[in-house]
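In what follows, structures are represented as structure tokens.
Each of the next two complexes has chain A plus one other chain: chain B in the first, chain C in the second.
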Partner chain A sequence: MDLFNAIVQVLDSTIRLSVPLLLACLAGLYSERAGVFDIGLEGKMLVGAFAGAAAASVFHSAYLGLGMAILISVAFALIHGFASITHRGNQIVSGVAINFIAAGSTIMLGQAWFQQGGRTPALGSGERFGAVIWPGADALRGVPILGPIYSELISGHSVLVYLAFVAVPFTWWVLFRTRFGLRLRAVGENPAAVDTAGISVAWLRYRALICTGVLTGIAGAYLSMVQNGGFVKDMTAGKGYIALAALIFAKWKPVNAMFACLLFGFLDALSIRLQGTPLPLIGKVPVQFMQALPYVLTVILLAGFIGKAIPPRAGGVPYVKER
Partner chain B sequence: MSTPYAKLPAWADYGLIPVINLFVAFVVAGLVVLLVGENPLRAAAVLVEGAFGRGQGIAFTLFYATTFIFSGLSVAVAAHCGLFNIGGEGQGYIAGLGIGIVCLAFDSVLPWWLTFPLAIVAAAAMGALWALIPAYLQAKRGSHIVITTIMFNFIAASVMVYALVGVLKPAGSMAPQTRTFLDGAQLPKLNWVIELFGAKIRSAPFNVSFLLALAMAFLVWVLIWRTRFGYEMRTYGHSPKAARYAGISETRIIIMAMMISGALAGMMALNPTMGDQHNVALDFVSGAGFVGIAVALMGRLHPVGIVLAAILFGMLYQGGAELAFEMPAISRDMIVIIQGLVILFAGALEHMFRPYVQALFASLSPRTVGMEAVKGKGA
Partner chain C sequence: MAQAAIELIGINKSFGAVRANRDINLEIVRGTIHGIVGENGAGKSTLMSILYGFYQADSGEIHVGGQPASIKSPNDAIALGIGMVHQHFMLVDNFTVLENVILGAESDALLKKSIAKARSELERLEREYGLEVDPDAIIEELPVGLQQRVEILKALYRGAEILILDEPTGVLTPAEADHLFRILKQLKEQGKTVVLITHKLREIMAITDTVSVMRQGTMVATRETKKTTVGELAELMVGRRVLLRVEKGEAEAGGVKLAVKNLTVKDSRGVTVVDDISFDVRAGEIVGIAGVAGNGQSEMLEAISGIRRAVSGSVMLDGKPIDLTGAADPGELRDRGLAHVPEDRHHVGLVLAFEENENSILGYHDHPRYLRGPFLNVDAIRDDARDRIAKYDIRPADCRLKTANFSGGNQQKIVLAREMEQDPGVLIVGQPTRGVDVGAIEFIHKRLIAMRDQGKAVLVVSVELDEIRSLSDRILVMFAGRIVGERGPEATEGELGLLMAGVEHQEAAQ
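Moving on, here comes the complex of A and B:
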């Protein structure tokens, strides 16, 4: 029973840890499917986290915080669009720039506005997203096996967690069952064809980036308003890059993205759980090895040893209309 | 990187446009300063004063610049080949491992002028090795170099934490760093050069690796513009198709360029370890690899430009420290914002002001830009 409880706990933290990855990964999915590489996911999450926590603590409302997180994150996505779509700049350079601006400005504004060394004030109960308790969760807690699974694993997360998992089928539906999704995928594969059909390539890509901004904003809000009661400097800590790795791992497909993020979240949860405890057969695994595993797996996948990951064909290439 | 735009006179292309981009980046940075309630002009004055006002400041500025010259050259070499090496941070970090091993082994036996060359070789070799795998995967298996080098940054960080917490740390010590190097692995200071001009320096870590950086800048210029291999690299960077058609081996060019780039990134670890801290500590690179991106873009990928841009960033780092001291509302993270803005305006938006400059030139003296300028205007 101890082992079972341990497993439920690890899976529970797997869900908590994979949600920001999942939201950021889906965010990247929209922009990369539209042919815009975005290594600025990290930065957009960070500004989202900061704006969310700052607004929530000033206005004492979690939902206003979420709204502000989305707004600022979308604004940064539009900067990326302005540089890489309108001015046809290098998309990777623009993404790097956004990450730097985000990293610097969140700490500096945080320090100037709240004077807590780059942190925002700790959020109170109304300023964070609380846990949603599903009906009967407490009553069923005593039931063996199913009880803990229902009351620990399924119930008791915040709204944003459920939102993230609902976003997976929704993204699938948008991309593969709507006209907008068809065009979005087309613009990532062959923008010239989309242009010939009389649809604006730039406007489509901008809309894809707005979707990206919304999702990274939610991911950031999750970090600062659910996982942590406030903003801490550099709190994304490379999650945007892991999300990018998960996106490649998932071969740019929404449902795969969910599994990839759950896998990376699981590795993270496991490394926290196993810290210092020796494993049977293998012995003590260094924490650093577990931390590096998602990156190593991505490199191996990219090398084509676990199936081939083929990116959208027009990814990274600015579209030049023929004159 | 080819441009679909009309030609401008060289001085406008290499001088005026970068200056305009830089100016806009600083204006936006000034707005941020205004946002936190300080006077941007006074902030700029404090920054310049802190960097160049006294001998001490100049020495620190050049100390920071040394590291940035290496990382900027690293980014530039890869960029001439059309590759974006974002892994300088990891390559420099892992080079610390090579430096650490060489210094710990030889610092009690050899004088610094023998340890230094060995450490250079070790640093370059480790950096090149860390770039080799992403390069091989790009050349042979078609995996994207940007993603693999980012992944290798994280893997390098894990390896270094493992090494410094476990293997390289002296027994009984809690701090995750090697023991302090003995005299045999401490680089001599160059502060006396600045003192020749009459300035007083209390203590600053400005050291001989600056000379190595300048030598490397010269060698990179020779490599890119005066050798056959450099020509092949630039050809490949401009048009992989043309290079393939000319019989240039794609695999060889990618792997060689990335290894040179990695070696340069590795050498940047010499300055903070052997020149300043005299040990290899956790996170000693602290973002210098990423600064290289801004430096290379601002220097227009030319060694001379890179040295100038590196000194500018050295100034920002040194002056920024003074600024944080003088104006508590402005922390050192201001530099990170400026760095981001420079990358944005000098890199991603480098062509934003070009049409206007061209229009201006076309109206002032049509002959300098020729007929194309009129067509280029709409771009």
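Moving on, here comes the complex of A and C:
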């Protein structure tokens, strides 16, 4: 029974840890499917996290915080668009620049506004997203097997967690069942075909980037307002890059993206769980090794186990009408 | 009096210093097939892109159906009933036919309804025009001929009354081209207006009612097709009389330079594509390999030039074997006097992002002449490049210009100049004039014959029968990976055509 409880706990933290990855991964999916590489997911999450926590602590409202996180993140997405769509700049350079601006400006503004060494003030209960308890969760807790699964795994997460998982089928539906999705996929494969069909390539790509900004904003808000009770400098800690890896791993497909992010989240959860616990045969493993495990496995998985990942064909290339 | 579907009045368009269209006037009559011919870079595609709203004219007026029209985007053109089939297809390769057809013209925000509507509409278009294509097929799995059909369907689905086709047969096999022409005639019978842009005069004569000729951005003449000749059109295109057949003396063939024996090549799927081929090329002769594209010529060329593995057989260059394992060092073969002008100059012959002078020494860049210690001798490279630009009349005459900015014909001349100027003993040329305009064809043919007269062994592979007949001292015909016949230059087109179609071969097998 202990083992069962341990498994439920690991899976529960798997869900919590994979949510920011999943949101960022879906964010990247929108822009990359539209042919805009976005290495700036990390930076957009970071500004989202900062803006969310700052606004929540100033206005004492979690929802205002979320709104601000989305707003600022979308603004950064539009900067990326302005550089790489309107001015046809290099998308990688623009994305890296956004990451640097995000890392620097959040610390600087945080210190200037709150004088806590780049942190935002700890958020109170009304300023964070609390857990949503599903009906009957407490009553069923005692039921063996199903009880813990229902009350721990399914119930008791923040609203943003459910939002992230609802975003998966929603994204699939948008991409493959709507006119907007058809055009978005087309512009990532052959923008000239979209242009000659009488659709604006730039406007379409901007709209894709706005979707990206909304999702990275939510991801950032999740980090600073759910997982943590406030903003801490560099709190994204490479999650934007792991999300990009998951996106490639998922071959730019929404449902695959969910499983990829859950896998990375699971590895992360496992490494936390196994810290300091002696393993059979191997014995006690240093903490650092366990922390490195998800990244090592990422490299191995990306190198050998996903087969051929074909990115959208027009990805990374600014659209210029042929002369 | 027939009504004008389109009238262009005083159209001007410049790209920087280049005047692509100068003061163009053109009237296209409703319900006809109107051809527009001209050399590469004469401004045909620019003019049609203006009509389709892809570019804006600097000045001038467009009238559609008698009314002045303002065409600022492809959307405006589509609304006026103008559809375009681009030279490079504007299709999303991993979408289905239906998805491509509705893209940008979806009837509903949800795809299900749009696709259902398009499906029934496509069935109607198929019936009316004989444009059969599986609506659920993925584009990249379709042959080019069918992909082009999808482009036509796209235009018709948007209600096009006027259909512009830009170089539609460049990528088609002769059979596919014939089918396309039947479709175009059908469209004309149904009252549609067709504008056909091409540089192939034979097509103009075969299918158009009226033909307009463009030269260097201006419209030089409009003729009724029945009342003109290929010779007159060719002359109008280049502005002087061209030799459609290059004059040459008798070949004085010497010793065997290149000997191919029992060469067999398989493709990546293990299918035999070159089947037990043997032939010689002697010094001072041009051997031409004729055949419909895709009968093993490309693979044979690659095997002989050492870049594709051969399963069996041998190739001797000056009596010494060439490594046929696919691992041959092309540099070593060059040193041994084998020069190769590849079929696909964009992917194999040139680095398009390089400057002209860099491409003009590619592969010969470690020649001591181009080196100064471990560094490139840039001055020597550019001097040579400038010499060749003058000698081969490469335009524009700027060795610092990016190679991508040269026209197809001039790019081909860059490759030819590079290979010929190394004074090789054996020259192998694939498709010497693919995508090259009339003036440059004549020039290239003369250079090839000059090589022959200097005693070089020249092997030419081309899908253009005229070219093979005009150049070759001996003609070998390839069909299904085999050489099915050898003829002299006096062979008739019909005779060679039967061989190329494999007719005689099949009869012999029975």
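Convention: the second predicted complex is superposed on the first by the 295 of 323 C-alpha atoms of A that agree within 3 Å, B and C clash if a C-alpha of one lies under 4 Å from a C-alpha of the other, contacts with A are read in each partner's own complex, and residues count from 1 in each chain.
One rule holds in what follows: contacts are C-beta pairs under 8 Å (C-beta built on N, C-alpha and C of every residue); 3 or more make two chains touch, one makes a residue touch a chain.
Since we're looking at a predicted model, the values are computed, not measured.
K.L.:
Per the contact definition in the header, classify A:Gly28: touching chain B only (first), chain C only (second), both, or neither.
P.N.:
neither
K.L.:
Which holds for A:Glu189: it touches chain B only (first), chain C only (second), both, or neither?
P.N.:
Touch status of A:Glu189: second partner only.
K.L.:
For A:Ile199, using the defined touch cut-off, is the partner it touches chain B, chain C, both, or neither? Pick first, second, both or neither.
P.N.:
In the superposed model, A:Ile199 contacts chain C only, not chain B.
K.L.:
Which partner, once the models are overlaid, touches more of chain A's residues, chain C or chain B?
P.N.:
It is B that touches the greater number of chain A residues.
K.L.:
Go through the superposed model and pick first if A:Gly118 touches only chain B, second if only chain C, both, or neither.
P.N.:
In the superposed model, A:Gly118 contacts chain B only, not chain C.
K.L.:
Quick one: is A:Thr178 in contact with chain B, with chain C, with both, or with neither? Answer first, second, both or neither.
P.N.:
second
K.L.:
Counting contacts the way the document defines them, which residues of chain A are shared by the two interfaces, the one with chain B and the one with chain C?
P.N.:
Common interface on chain A, chain B vs chain C: 323.
K.L.:
Please output the residues of chain B touching chain A within their complex, sorted ascending.
P.N.:
Per the stated touch rule, the residues are 1, 4, 32, 35-37, 84, 86, 133, 137, 141-144, 146-148, 150-152, 154-155, 158-159, 161-162, 166, 290, 293-294, 297, 329-331, 333-341, 343-344, 347-352, 378.
K.L.:
Going by the contact rule set out above, which residues of chain A touch chain C in the complex?
P.N.:
Going through chain A, the ones touching chain C are 176-183, 185-186, 189-190, 192-199, 313, 321, 323.
K.L.:
Inside the complex, what are the residues of chain A that reach chain B?
P.N.:
37, 39, 79, 82-84, 87-94, 96-105, 107-109, 111-113, 118, 238, 241, 244-245, 248, 286, 288-289, 291-292, 295-296, 298-299, 302-304, 309, 311, 320, 323
K.L.:
What part of chain C is in contact with chain A in the complex they form?
P.N.:
Per the touch definition, chain C meets chain A at residues 15, 52, 54-55, 73-75, 78, 84, 86, 88, 90-95, 99-100, 102-106, 108-112, 114, 154.
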